[in-house]
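These are the structures, in structure tokens.
Note that chain A is present in both complexes that follow, paired respectively with chain B and with chain C.
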Partner chain A sequence: MKRLYVIKEKCNGCMSCVVACQKAHAHSELYAPIRESEPARIYIQTVLNAPIPLACHHCEEPACVRACMSGAMQKDEVTGIVSNEGNAQQCVGCWMCVMVCPYGVISAKKDGDKKVAVKCDLCRHLGAPACVDACPSGAVVWMDETEAKPHRKGGIYI
Partner chain B sequence: MRKKTGDLRTCTSSRASIQEMHLRAKELGIRTTFDRYQDQLPQCGFGMEGVCCQLCSHGPCRITAKAPRAICGATADTIAARNMLRLACHGLSAYCHQLEEAINTLKATAQGKTPYSIRAVDKLKDMAALLGLDTNKELNALAVELADAVTYELRKGTNEPLKLVEKLAPPARLEKWKALGIIPGGPLSELRDAMTMSMSNINTDYVSLLLTTMKLSIATGYMGLMATTNIQDIILGNPSIGVTEADLGVIDTETVNIVAHGHVPYVGAAVLNEIANNAELQAEARAAGAKGIKLYGSMDTGQELLQRLNDAGQGYAGQLGNWLTQELMVTTGAIDLVMMDLNCSIPGLKLAADKFHTKVVSVSHVLRMEGVDTIIDYEPEKVKEQAVELIRMAIAAYKNRGTVNAVHIPKNKSTVVAGVGIESLLSVLGGSLTPLLDVIKSGAIKGIATVVGCTNNRNGHDSASLRLIRELLKKDILVITSGCVSSGAQIEGLQRPEAAEMVGDNLKGICKALGIPPVLNFGSCVDIGRICLAVTAIANALGVDTSDLPVAASAPEYLEQKAVADGFFAVTFGLFTHLGPVPPVGGAPNVVKILTQDVEQLTGGKVCVEQDMAKAANLIEEHIVRKRKALGI
Partner chain C sequence: MKYVIIGNGPAGVAAATTIRSLDQKGDITIISAEGYDFYSKCLLPDFLSGAISEQQLFVRSPDFYDKNRIQLLRNRTVTEVDTAAKAVSMIDSGNKEATLYYDKLLVASGGKPFLPPIPGLKESNMFQLGTLDDVKKLKAGLQNAHEIVVIGAGYVGLEIASSLAKLGKKVTVVEKLPDIVGGQLDALASRVLRDGLAEEGVSLMLNTGVTGVSRARDIMAKLFNKKRKYLVALSSRQEVTADAIVVATGSGPNLAFMWNSGIRMNKGILVNRHMQTTVRDVYAAGDVVESIDAVTGNTALSPIWPNAVIQGAIAGSNMAGVPRDFDPQISMQNASEFRDIPMIAMGLSSADGPEYEEFVDDRSNELIYRKLVLKDNKVVGMIFLGDIHNAGVIGALMRNKANVARFKENMLSPSFCYSEVGELIGDA
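Showing the complex of A and B:
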């Protein structure tokens, strides 16, 4: 099964993935996602002066799913995607998932009166993650677990 | 930057006063350059490496392993070299602006329309002679002719070589430049051609682009730097040794406080003149409850004034800091008015001023800032009235001091010996360079390093420059500073004769014998011209080329485009040139190779980008020792 991987040595911090993620989830057609309130679902953190892309790992046993009080956050049994969108229950914005996420990759979005947690959904509406397409340096990659194996010794971590 | 346990620093500055003020800014909700730098991390690697091109609307293009060429076919080398040329163009044009202001001021002064006077008569005659004028004329008439002659030089075509280059460059250097075809004509014409070349699809050959950048840098050196410095000396006085103080602790809570911030000293000098001579304004200040009026300096405008404490800088109240500290000087709450001129006034300065009563005014027609609606653009003929108006504004603002946020001034301050230039150095040395050359020849001073330029968060505010200076001093290398780096050295107390105690044994002895501090202040960033003239004088005295001297240059915290033009000039001038942070060419392998290796065969200079300042000092020492060996000393 294909998963999102990050080869951290290849990242140079250009934030193309962040912009692409915002654009993929924004409501506007225009290319102005940075000005919109849609938070990105992939982050670049600076760690010891080096940029590190961070996104949801879609954990086997997701803490966010266990913590979700409304039942909106679910792990899809077939695709493995963890998301609080498009499920039977609605997200109520209690931020429990934000607090329990061990990777710190869920953000809080306030859309008028509506509060909703926002996280990576692997762009299932597009078929493949937009960040991967946008990455010019091959740091954010979409590949099969078997393909990822040879990289294990390097900096690959998702 | 990782913090050590017990480290209370909240920003990258090496200065205690700035750490204290940064905490204060945090309390008041003022965000500064230090904070916005953290917000910007990570910074895009393509921009850092200089392989991003945004010139045409097919782009932006960036060079990666899968896309080794831009849409037009340009390589990383073309993109990086072309962008360097564009940066140098910006630098040279700002210098040309400053030169033109100097020329206008000289002319108006000669016509008796300004509060300034012709102070450096020898320099006026020397410069007039260089440009082929009859120096027997009456002084004011000669000054007008000189102004016209320099204007002609500034504007003439690219086909007429610059006279100052031909007259001032050491003969051996001139030969090298002629062979490379990089002797510039009129700077404004050179700028026109360089901007044309660097448009999309005109000049895409990185070698030619780099040579053009070198050509522009020579125009920068001889017109932007040396001509500007000389004319400013003529009007405001040659540097002469004087003592003042630096750091935020110099701010007086009981006076009306004005800060001259930027690069151009005319308005500041006119304000000092009014403070000294206008009893009416003094009475108005006292009526407002203040003891008096003081003018402080920030950045290079301050350095220009403190170089001339016995002339146009008389009454100068002290140097507050450099580029990275402008918001924090306002955060003291004790600054009533900031006069901004030419470059380096940041939008954040106004944001900080808005948290206080502080009035921010533009005194240069090129400077505008969102929210700044008080504009008194410098005009030489009106500057006396403009100075009075500015002081009155400051007095009015003073009455509101403390009404928005309270005054908080750090205690830190240090003594500064300033005013070094060729003239004052010669008078300290007893009229000739021989004593200095003798101690260099004997090895008591191994060599000279000019540590110049800006200040920058990426290497830590005043951290890289001070580390480098201290390492060089330990190695018995005399350090000359100018620009924002000077402020760091001043505040650190390195520009006092007592600082000799901190340095290598040999250098300590020399400093004590000659009565000089181990770090000599040559002034503002324009005064790099002064340093080049001094280096030329040493080369001529020894009968060698500048590249043969045990001299190196460093800009350890360079920031803006003028510094790019200066850096290229140092390389073209034949100096080992250390730069930090790494300029945006890292992703262009051939450009890197030329600048760090091949150019040495052509000019004798080259770029070094070692970012560990202790290692950089070692490399500078190695270079100096190599040059000493070659000279047989």
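Showing the complex of A and C:
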């Protein structure tokens, strides 16, 4: 199963991943019109002045899926992707997932007169995460779990 | 192996799903007192207001039971559990009795709304909010009702009141306690919510009990054979007229059928870390159990959805023979949204003595208010109102009883993030 990994030493904090994420989910070529309305699903956090990218871990036993009381948040058995979009059940913006996510990577988005929770879906509509293509320094990578395993102690996180 | 699960809510369904993933062959039967597939009771206020359809209440796809080979017995009320004979007695809607035998039993019968012993209430045009059928009855009963009194200003009472106001009803909420949501918020946070209610057209009467309900004397109604209103008498000696009364005075574990089972119970069923009761092969999960609270270390009822699912999954795993411990969760936690203000509260709402510390980010003029309560450098309570980002990070620190001394001054700053404290939270 392919997953998103972060090599934080390589991140220079350029925010390209954030911009690419917003554009990919707003289906927009332009950034300015969607900058405020489409929340990013990948975050650049700063610790001791060093940037660290952070996105959903697509957990084995996701707390957000357990907490979801509308049934919208589901983990795809085949791809492992955790998402509340594209399922029969709809997000109602109850914020239970925000309450239980230990990574703090779920945000609220205005969707007409409703509000819904949004999070990384590994750009399943594109087949591969937009942030990975956009990263100029190789800090955000998309690789198979088995391939990543031997490197994890060497600085591959997520 | 025969698995029997009493209750078709989040705990029961999580258990059934877990059992099926670990045991492909066993028979799984869920007994439900209601006539529906698994639906979300948390969404009933939204269904009442018309914000969502009946279809949207259902949490799983229609093929869920077939796909997981789970037999769902609908409209069956359990009357007794005989742990010696390993038998569950039940009656169907036609009062026909039946008995089901089990190898492993899960009691996940959820909560039941309280009906306060107010004279005249039961005989009035009164509605409770325990089930989808209750809310359907309320929905139908509202057609001819304009003035509605809601008894109880907990989360449910307020959500229902707000839903009713959206439908154009004149709503009065009466609450015995001095504040809304029973102390789960502090004074400032509840004031922000109360102001919101007033703007929605809900009038709120705090510190006020209901002493009785009677028929209003209305000569015009009598003359024209119109429906007479009810008079709701209050402890403040005032009276409020109502066409309908909604009772939202909280709920308690639904376990009347368990009293003869020999299983130890306090307010709820007592369980060990495997969610096993004091009797072999009987497990319990969800609103009916008392579990250990991660913040206080004491056992407590914890009637919220996420904890019910976790408990159900742990019970299911142990029932299927794969031992797994329940990690204590935060019993008092809730997420909600009123009038576009998102809100998450966990644990204590205020300092409880000099050994506590409080950190506050008060931007209540912008409808943002955040507060942390610490004891011995551990987070024991939080209120996030208006801005709920990172609430889960704080919750994880609370659950792990992490020492936050190094960064406690920074926890409410915009730069605070998981990456700063990840080693205290670990991988989920």
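Going forward, the second predicted complex is superposed on the first by the 149 of 158 C-alpha atoms of A that agree within 3 Å, B and C clash if a C-alpha of one lies under 4 Å from a C-alpha of the other, contacts with A are read in each partner's own complex, and residues count from 1 in each chain.
One rule holds in what follows: a contact is a pair of C-beta atoms (placed from the backbone, for glycine too) under 8 Å apart; a residue touches a chain by one contact, two chains touch by 3 or more.
This structure is a prediction, so every number in the text was calculated from the model and none was measured.
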**Report entry** First, second, both or neither for A:T46, with chain B first and chain C second
**Finding:** both
Query raised in the report: Which holds for A:A88: it touches chain B only (first), chain C only (second), both, or neither?
Result: second
Query raised in the report: First (chain B), second (chain C), both or neither: which does A:N12 touch?
Result: first
Report task. State whether A:P62 touches chain B only (first), chain C only (second), both chains, or neither. Result -> second
Requested in this report: Report for A:T146: first if it touches chain B alone, second if chain C alone, otherwise both or neither.
Outcome: neither
Report task. Identify the partner contact of A:G71: answer first if only chain B is touched, second if only chain C is, both if each is, neither if none is. Result -> second
Report summary line: Of chain B and chain C, the partner touching more residues of chain A is C
Query - Intersection of the chain A residues that touch chain B with those that touch chain C - result: 45-46
Requested in this report: Could you please specify the touching residues of chain A with respect to chain C in the complex?
Outcome: 43, 45-47, 52, 54, 57, 59, 61-63, 66-67, 69-71, 88-90, 92-96, 98-108, 115
Report summary line: In their shared complex, chain B is touched by residues of chain A numbered 11-15, 44-46, 48, 50-51, 136-138
**Report entry** Residues of chain C defined as touching chain A within the complex
**Finding:** 10, 14, 40, 42-43, 46, 51-52, 56, 58-61, 305-306, 309-310, 313, 333-337, 340, 342-344, 346, 388-393, 395-396, 415, 417-420, 425, 427-428
Requested in this report: Show which residues of chain B lie in contact with chain A when the two form their complex.
Outcome: 2, 41-49, 62, 64-67
